[in-house]
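One structure follows; several queries about it will come next.
The letters A, B and C name the chains in turn, as written, and every chain counts its residues from 1.
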Amino acid sequence: MQKYRSWLAPVVLALTLLGLGTSLAQNDTLVIGTGAEITTLDPRIATDVPSFERIAVIMEPLVVFSRDLDLEPRLATSWEFAEDGSSLTFTLRDDVTFHDGSPFTSADVKHTFEWVLDPENGAQNRPLYEDIGSIDTPDEHTVVFNLDNLNSFLLNNIARMPIVPDGSGDDFGDNPVGTGPYMFDSLVRDDRLTVKAYENYWGGAPSIETLVFRPIPEDGTRLLAFEAGEIDVMQAQPVPAELPRIEEDERFVVDRSGGTGYTYVGMNVNSEPLNDVRVRQAISYLLPREAIVERIMNGIGQPGINMLSPEMAWFDSSTEGYSYDPERARELFAEAGVAEGTRIRLHTNENPVRMQLAEILEFELSQLGIELAVTIEEFGAFLERVQTTDDFDLFILGWSGQLDPDRAMIRQFTTDGSANYTKYSNPRVDELLNQGRLVDPTSQESLDLYFEAQAIVLEEAPYAYAFYTEEIALMHPYVGGWSVHPYGAATYQNAHLITKNQ
Amino acid sequence: MSATSVRAAAAATPQEPRARNSTWRKLLRNRNVVVGSVLILLLVLTAAVAPWITPMDPLRQNIWESYTAPQGFFVDGAFNTQYVLGADELGRDLLSRLIMGTRVSLLVALIATAISLAGGVILGAIAGYVGGLVDNVIMRVMDVLLALPGILLAIAIVATFGPSIVNVMLAIAVVRIPAMARVVRSEVLALREEEFVEASRALGISPMRILFRHILLNAWAPALVIATLGMGTAIVAEASLSFLGLGTQPPQISWGRMLSVGREAIRSAPHVTLYPGLAITFTVLGFSLLGDGLRDVFDRRLADT
Amino acid sequence: MLQYIAQRIYSLVFILLGVSLIVFAMVHFAPGDPIRIMLGDDAEPQEVERLNQLYGFDQPAHIQYTRWLTRAVQGDLGQSIRQRVPVTELITERLGATVELAIASLLVAILIGVPLGVISAVRRNTWVDFGSMIAALVGVSAPNFWIGLILLANVALHVGWIPLFGRGPAFTEAITAAVTQGNFSLLWDSLRYLLLPAITLGTSIMALITRLTRASLLEVLGRDYVRTARAKGLIGWLVVYKHALRNALLPVVTIIGVQFGSLLGGSIVVEAVFAWPGVGRLIINSISQRDLPIVQGSVLMLAAVFALVNLLVDISYSFFNPRIRYA
């Protein structure tokens, strides 16, 4: 027990003596504390990171993202696009068995994607794969995806879909079976998900017998449970305010990795006065990004520049983005004819950091005589407002899992984009982003297309970028063989390598 | 609070001046009433002069000063006004925000209670006095509302109509109307049979007049007790809604929001939650003590023992 | 008696009907399209439409309501949109946790609240009386979530055997194991996990119990037979215990039913703080995901539990105290 002084000290001491002899340490079980509960263990209908990160210990996709965000073989040993781009062929491993002992074959791959593509099944992820026209299985270890449209980034989407056994029905999520290092054992919703080591895992038997995922929604409680040693690994982001204290504490290990997302202020380009590009730029100049990252996020993440993260090959490193410059903002407001006393609305949800951002922007604008009416809405209502109505000016949201420029831009900034909440529209950007899908992602042409697109969008400022996220995990020093992954859903894809030596 | 435990009856009608004096004396002799009143008077006073006594601008942010520790009133022997109780997550002065927050917190409680009082008195009085089918319908609807956990009803109201200070007040009020209506109804039922009401009826005074002039005038004591206790509940309710992200909105400063936002840093910067938490606790304590005291004084049964 | 029970059951049905109507209306007029929120950013209009048809959300409200109600009466609360699991399953696996927490909180409130009330009454109008009332009031005055976090950060973190989150073995199972197999470790585990959540939730209704104990004890102490007993020279505490307390506690029993409802409500916040896997967390999660069948089903279920507890309390009360008339 650490040194402890408080008015409660006598109580604590008495209680401690009362419970002597109750101990919890176990080397064959690793307890992982997380923020949110899963919605389902069926990857075909899951949409959220908490579900996918836990599915990833039970099931595996054909290819996975490495920590450098390169594609690595997993259930597939190699893959190849046809010369004309009309098909994509995977060669599969031949030494893989599912937890029930049956061999993994091309039929399982075919089943997984066909189930997702069948509109009758209502799989939420269908749009990710709709460029796949049909699937052929020439032999047990070869799969051919015949493509209706060329999409250079389809591989990234395939990396998001773990394979389920052929014949899996609607109730697969109740008792999921996969090829991964751990077998599903039990799920008590909102309490714990237990998985057991799969001794015949093709990548080698896991060293820890049991993994337990515990969802703890309250940030403070989760951190305290970690400090008390009740959870071994805490992977959902810790409270920024507490991070410096944890980092200084020798009893804990803080593991960090650049993230794949960012938080931004979106602006409805149709609404007065945000339809004036100068007003949007002015707002971009009003975010004190350095101070936010330094003090609000306590060093988690980096000041936001644009919609691509600096680690991405397509990020134009000559871009500087908007600095914090209230004077420049004042000039721009004046040029645009925005009078003092103008009222702009801002909506966001009850996420602590977003609320703080809202308050910061409210204060900065008030210094320029502009009133920002902030509304913190419950998440469902907020999302509906932004996604389906035109009834908002500014909003604060974030993107995650932005692994390639297509994912990061085409839905957000093309005129008909499914996530174009700001109603931003520029024919040149549409053209560039659609063209980007058709060219080889490793070519100079691809870089040129996305360099031009990001420069235009940055200039026209439908978003003001606040900060890039960073993935952070806390663990006790006795946990080894594991580190946090920039792509949240892939955090536990190598769970069999984790060790515990307490 | 419970409707059942308030079985107080108003002091006898019409009151003699001497009786009134003795009520005052009873009030002043009651420890709960005195302590509670002092606490609340202090708060009301703070709220009244709030803008003039804040040592710093409660809205002024300085992110680089976030979570500054409390500096106290004296620094190096000199009187200090900078971050006396420390700074919050955006580097705003906690003491100044606490002082300004008195206004919002009291206002929310006051208006929510006023609405529930008005709604409860009207519904309860009509139900009790008219009786029959009307009584049945009103009270069954109240039963339905009582069957839903209060906070859940409030969440639903705020989630449906959107979070704003007005909707928060409404939500808290609606939750409390049924209890209020029940108490008023039982008072009215009891008073309806009293001699002076029968007499008024015999004199041909209109029912509305009887209800409002005679009956309600005598049912105010239990209503006052419930309302006082309700002020406290409303302040806690606002904090709970804030915890769920459905409380008052920035830049309004409410204690509930300060407490719920500050809880993120409960270990590294405990002062950010400690002071709003204490402010809420003492305020609610004040209202509870006052309410309890008032009940002691106005409850005839207890007064007799 | 039977007639009284029949009448109560009749009004219970009415109340639940009313609750179902209110819940349905709130859920349906709240902003937030469940399908859109589920499909997220990539939602295609035809997909939204198709799923809306699948779940019947395209039907007029009154048809949706009658259909839901008819099925609910038959014990079918529909299927979760997100998790694709029957709602009844989701609720029943959590209801035990919530009820367990509510009962434990009630016990905490009684165990602390009644003695405080007795002390208060016996030492009426002294500083002891005042101090006891303050002690009882602190719990209701400070917001639950704050008390919970303070207990976690200042007590549980340093004590070692008090868990910081979650629920141990179900109490019913633990007590069964203790009685049938003499295995007390499960019981100990169960209680360890219950301790802090129950204290946090329990203190929120403690004041009421203390207040009521004090008031009714004062009344009983003023009655003739107690005065006689005192006059006969019986020692004060014995009088209180033997003659007064039993009668004084009857009114306390009556409010248990009402308080149970506020405990069920308070559990929403406490469950979030302590990661207690109960219905409250289910409701909060499903509200933000707009999983309407879960929201409707679980609120209705909570109201039903609450109404049943009230009924049971009232009936048992009438057994304890046959003087009550059923009007």
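The definition used in the following text is that contacts are C-beta pairs under 8 Å (C-beta built on N, C-alpha and C of every residue); 3 or more make two chains touch, one makes a residue touch a chain.
Note that this is a predicted model, so its numbers are computed, not measured.
Taken pairwise by the contact criterion, the protein chains are fully connected, each one touching every other.
Between A-C and A-B, more C-beta contact pairs join the chains of A-C. The central chain of the assembly on a C-alpha centroid basis is C. Note on chain placement: the centre of subunit B and the centre of subunit C lie 23 Å apart, centres being C-alpha means. Centre-to-centre spacing of subunit A and subunit C amounts to 37 Å, using the average Cα coordinate of each chain.
Taking the mean of the C-alpha atoms as each chain's centre, subunit A and subunit B sit 44 Å apart. Within subunit A, residues 220, 224, 378, 380-381 each touch two or more of the remaining chains. Across the assembly, subunit C contributes residues 30-31, 149, 153, 272, 287 that each touch 2 or more other chains. Annotation for subunit B: residues 159, 162, 244, 263, 266-267 touch two or more other chains. The part of subunit C that touches subunit B in the complex is made up of residues 11, 14-16, 18-19, 22-23, 26, 29-31, 125, 130, 133-134, 137-138, 140-146, 149-150, 153, 207-208, 211-212, 215, 218-219, 221-222, 251, 254-255, 258, 261-262, 264-266, 268-269, 272, 283-284, 287, 299, 302-303, 306-307. The part of subunit B that touches subunit C in the complex is made up of residues 1-2, 4-5, 31-32, 35, 140-141, 143-152, 155-157, 159-160, 162, 232, 236, 239-240, 243-244, 256, 259-260, 263, 266-267, 270, 273, 277, 280-285, 288-289, 292, 299, 301-302, 304-305. Only residues 30-34, 36-44, 47, 50-51, 54, 82-85, 90, 93-94, 149, 152-167, 188, 192, 272-275, 277-278, 281-282, 285, 287-290 of subunit C touch subunit A when the two sit together in their complex.
Residues of subunit A touching subunit C in their complex: 1-2, 4, 6, 8, 11-12, 15-16, 18-20, 22, 37, 39-40, 42, 45, 47, 119, 122, 124-128, 170, 173-174, 188-192, 214-218, 220-222, 224-225, 227-228, 230, 378-381, 383-385, 387-388, 411, 418-419. Residue ranges on subunit A touching subunit B, taken from their complex, read 219-220, 223-224, 239-242, 244-245, 288, 291-292, 294-296, 349-350, 352, 355-356, 358-360, 362-363, 366, 374-378, 380-381.
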